[in-house]
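Two complexes are shown next, each including chain A; its partner changes from chain B in the first to chain C in the second.
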Partner chain A sequence: MLLNRSFRYWSLLPALLLFAALTLYPLLNLVRMSVSTVAFANGAETWTFTPLRNFAALLEDDVVRPAVVNTLVFVGVSVAIEMFLGTALAIAVAGLSRAKRLVRTVAILPILVPPVAIGSMWKLMYNYDFGIFNQAFVALGAMPVNWLGSTSVALWSVIAVDVWHWVPFVFLILFAAVEGISPDLFEAAHVDGATRRQTLRFVVLPLLRPAIVVAFLFRAILAFKVFDEVFLLTAGGPGTSTELVNLHLYKVFFEQNRLGYGAVLSLAVIAAIVAFLLVSRRVALAVASQK
Partner chain B sequence: MTANLWHVRILLAAIAFVATAPALAQQKAFADVGKQPDITVLIGSTPWYPAFEKVVGLYEQQTGNHVKLDVTPFGNILEKARNAVRTGQSPYDLMTLDTQWTIEFYEGGFVSPLADVDPAFAMPKEVFHYGDSGYWNAQKRWRTADGGKLMAYTVLGNVQLLYYRDDVLKQAGLAVPKTWSDVLASCTKLAKPPSSYGFVARGEKGNGIRYDWQSVMLAEGVQVVKDPEAGDFTVTINSPQAKKALDLYVDLLKRCGPPNYGSLGQGDVIQLLATGKAALGDVVTAAFASFEDPNKSAVVGKLQTAPLPAGAGGAHGAVIGNWNAVIPKNASDAQKKAALAFSRWFLTFGAQRAFAEAGGIPNRSDVYTSDLAKNPKYRWMPAYLETQKFARQELGYAEGAQVEQILGLRLNQALIGEMSSGKALNTAGQEIEALFKKNGRRTGVLPPLPE
Partner chain C sequence: MTTDARGTAALRAGIPGRLYVALALFAIVGPFLWILTASFKHPIAIYAGQFPFTPTLDNYADVLFGRRSDFAGNIANSLIVAASSTALVLVVGALAAYSLHRFRWPVWVSAGFLGWTLVFHMVPVLTLLGPWYVAFRELDLYDTRAALVVTHVTINLPMTVWLLRAFFREIPPEILEAAHVDGCGPFDAFRRIALPLALPGLIAAGILAFVFSWNEFPIALTLTSRVTATVPVAIARFAQQYEIQHAQMAAASVISTIPAVILMFLGQRFIVSGLTLGAVK
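Right, the complex of A and B next:
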């Protein structure tokens, strides 16, 4: 029995080693980089231990503050709209008696489009002079909108693209959950005299809660990591109106080649996501335990 | 009889010479590089790539050697190049790099000086120097032929030109603008938004606005840094002349451009000119070929070019945006030699002429004085040749990428009205000074402008 248990622990070792090699080593390297200045000379790299330099750069960086605020607005607004629309769409499509499969297939198409294609496509549609939206507005006698060139509109234009891209993802998860609810429950609610609204509120939504939590967590994490769409649509401008943390991180790491400071920003993003996950887990457990 | 035979022989020889002379001349126009191993070239999927591909095809056809092209989107080239030189052996034998990136590679010791590959290699005297961007003086940490080693050559030397609609100017009774103030005066008259715009240039945050504005800045005699070659990194970007140049640029874009001037990128500017919506524009030379393509342009044959206008003092300014070819230090010796053989061939008159005919921008002065320049298809050549006299490299120091980010943001903020031009330049000046100070440079900054 003891041998059996010992074997079970030892058999985990390869997986643990693989995990350490693929996850822990890069993370530790990132930590090391964050307290170093990395320079290149004579075809080789040199690491100098400068523990405070990169963290001081974080405090001095004027772009970080708007980037954090924009990221929070982006995540909060886009995920909220996606959750609402995705849930509504899932319930509406589940209620269809015909063409359900066709609607489901069409509805999930945006997830299949690569982000680079999405960025290019929407950039064309948002074009001030030739874009389809402004052409339609002008045809209807309205003024064209400066979708990507106005500081007060640009972030919302980016959020709209993200919503279009990811509502189908929420829909897909919740549609499967709605389809999984036993028809007996709807019948019982009907027999008890529940209206459609009451059935939705007291039967469907409580049963969807675990799926909603999962969809929310996935979406929030992915929204924190958004990059391609913003990079292609606005590159963070005009001004700092659409500058997001990941975009800034990319510029620091790859365009400016500041590896140490880039590592500090990366660690900050990882820490923010881990903190968000810990809080979300507690909230999710609390929500799931509600009756 | 014998004398008669001699006459016949001489006559036949003369006929043979006349018949074969063009063929011989053509052969001489290209270098004979012999049989070489296959090479791999890292290159961007830029607008001029199709022209380069055609010339590479010609090289393969003439020599029987093979060139593999790794065509990469702009955003990924730098990372691929960095990865290549930081590994054991480079997967590339020749890499084309944006001029701004070359400093990192020269200074890091990642590329081979061309004379190390072949001591006999010399740059043909007809090839433009493009602000010495191919040289590196390690002691000065500066790109200069003075004491520097030749590390690269220019594959494509872009400079901005003033594109104008000759027909539109004539109709409005306006002359081709000679100064930036003329541009403002003309474009204000020509602007009839939203149906047409008087002048277009890049206003988008980052490289776009930094690059385009610097032409106006240089024409006003302004420098970002006092004398970086001599090690004096005193920041001079917040001078009254710089403010004047920025105010003028903001005026140009706001009064003559489309309402989305704050996010206008190169693609937008080219699109507005190609569709005939803009009368004047500040665009790279490489865009000319697309304006002459009926599949991409509604203004074929209608756009003319001139050197960028002068500032108030009559001086011109233009920033060079060239692509340099480098040989990675960690490529094998045989591969390095093969890469240099291709380079030697590419730098010949014949190859550069073929490059021009395919839609590229040749790097040799003799192509610009050849019969090609008289062909209306290449009517951009005189303006380009003139621009070579005053075009220069900018931000040619290790901190260049960070300075570009700072300027790119602050200039854009001034353009969209988030900051006054004075505040934007003061902020940029302080940030650039702090950056130099941190890196141990001899620096300082001018007294702040009124905000």
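Right, the complex of A and C next:
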């Protein structure tokens, strides 16, 4: 049969073609775009070669700086809180005698729900006039807070949503790791007279280290990809107070229609991610192999 | 479960631990209940913060059957795109994962492909949306479901390949050798032996691919317009209009969570293995 004879060659072909057409070719196009000015007129596009223009635009763009700073704050703070709360939750749930399955079931929900729905959910809760937080604040006699409209609060409100969204993910990974620890080790610790705290500190946490590293890397990279919720909640505002790199990319490409300059930003983002991957791989290997 | 009780029982949670778990459960479920109640409130009841309130189905009727709403069409678009992209990614992904596992590809092909999928998986999709937009316009595929299907297959391919690769690795090579000796061709061995054995992996990858495609927002936002818009795009429109339509937004959001809720109960085993396997291996 023909399918059989050449199977070892054609089996990889669809994936290779798809990836070449939809990732490699666009990547090359980004490079071409980054040195061009693309204009749309009457449904046709014209490319002009303007090698320096887009790079000059990068220097003149006042939004890049706040976007990068906000993104770093967003990733750093939300991932740190998620790691802490998620690990604590995994250990707490592992110590329950029942309801483990229930917690795990409920924890899956935020991960599977459309991020856009999460955005609209929290948009309702953060609403200044009738959101649940301000209703509670007013009932308690406090001043209502402008959760999404105040420059000093908005970024933290957005971070809180991300924490809510992703603590369950950290929990699921670490819970699987805690449950995977051999019962003999607990028994040995018990026989040696270790207290619960000592068991945690000297048995559980060291054994969780690889899972913690993995969860951390996953979260750091996913947090960097955030777009949907923030687009719905604040779209970067007020001012640039919740502007993130991805939001800015979207605006440059699809609101300002600056394909050339957008390509420069895209390439910078890709380069930054690859650099992060290379560095974190080394760090992760070092941390995971540390005894 | 007996070994389990013996093991992690050493971590027996005290009162603070139990309180923390209870609080976490409440915190996870609370926002869902909030939007669920909002979706059954008249807009006036939402704005007045009324509780208790007279429940109404008006918002759902408005969203699903209202004359100015395309939401039924949006649901159809989302279902079509999610189902076709899932089917396609399973075929392409299973072939690739099996091929990389079973056949001796030169290192630059296998490592290159796997590494590149990994990098692509970690790069924000926003970076490629510009070139995609241009390319699909040139191909006259802008604002078609086909464009969404192809791009969704691409973004779900890395996850599918890595996940299925882990499942194919579990298959003892002896079984495939035996099939070979018995005269079973490589494609038949894949179809008749490897695929059925990797079924749990296919289910896990399929569930995740479906959910990711159903949820996907930025690509759908930029590559579709009114006719082919998907559910998340429609929800964003409710939230972005000059006057935010809170009631409809709530109802549409609740509808959008239905697949996730169904899969949470039916596919929990596969989802957890999918999410954690991808993370741990």
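Everything that follows uses one rule, which is that the second predicted complex is superposed on the first by the 267 of 291 C-alpha atoms of A that agree within 3 Å, B and C clash if a C-alpha of one lies under 4 Å from a C-alpha of the other, contacts with A are read in each partner's own complex, and residues count from 1 in each chain.
By definition in this document, a contact is a pair of C-beta atoms (placed from the backbone, for glycine too) under 8 Å apart; a residue touches a chain by one contact, two chains touch by 3 or more.
Computed from a predicted structure; not experimentally measured.
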Clash-or-fit label for the pair chain B, chain C on chain A: clash
Partner chain in contact with A:Asp129 - chain B first, chain C second, else both or neither: both
Which superposed partner A:Glu45 touches (first chain B, second chain C, both, neither): both
Partner chain in contact with A:Leu18 - chain B first, chain C second, else both or neither: second
Chain A residues touched by each partner, larger count belonging to chain B or chain C: C
Which of chain B and chain C A:Val274 touches, first, second, both or neither: second
Chain B versus chain C as contact partner of A:Gly95, first or second or both or neither: second
First, second, both or neither for A:Phe254, with chain B first and chain C second: both
Touched partner set for A:Leu148, first chain B, second chain C, both or neither: first
Superposed model, chain B segment overlapping chain C, candidates 75-83, 183-191 or 435-443: 75-83
Chain B and chain C footprints on chain A, overlapping residues: 45, 127, 129-130, 231, 235, 254
Chain B residues within the chain A interface of the complex: 75, 78-79, 85-86, 104, 107-110, 194, 204-206, 258-264, 268, 271-272, 275, 277, 329-330, 401-402, 405, 409, 412-413, 415-416, 418, 431, 434
Footprint of chain A on chain C - complex, ascending: 3-13, 17-18, 20-21, 24-25, 27-29, 31-32, 34-35, 38, 46-49, 91-93, 95-96, 98-100, 102-103, 105, 109, 113, 116-120, 122-135, 137, 150-151, 153-154, 157, 161, 185-188, 190, 211, 214-215, 217-218, 222, 231-232, 235-236, 238-240, 244, 246, 249-250, 252-254, 256-257, 259-261, 263-265, 268, 271-272, 275-276, 279-280
Residue ranges of chain A touching chain B (in the complex, touch as defined): 40-45, 60, 62-63, 127-130, 138, 144, 146-151, 154, 231, 234-240, 251, 254-258
Touching residues (chain side chain A, partner chain C) in the complex: 1, 3-5, 7-8, 11-12, 14-16, 18-19, 22-23, 25-27, 29-30, 33, 38, 45, 85, 88-89, 91-97, 99, 102-125, 127, 129-130, 132, 135, 164, 167-169, 172-173, 176-179, 181-183, 185-187, 189-190, 196, 199-200, 204, 211, 214-215, 218, 221, 224-225, 227-228, 231-232, 235, 245-246, 249-250, 253-254, 259, 262-263, 266-267, 269-270, 273-274, 277
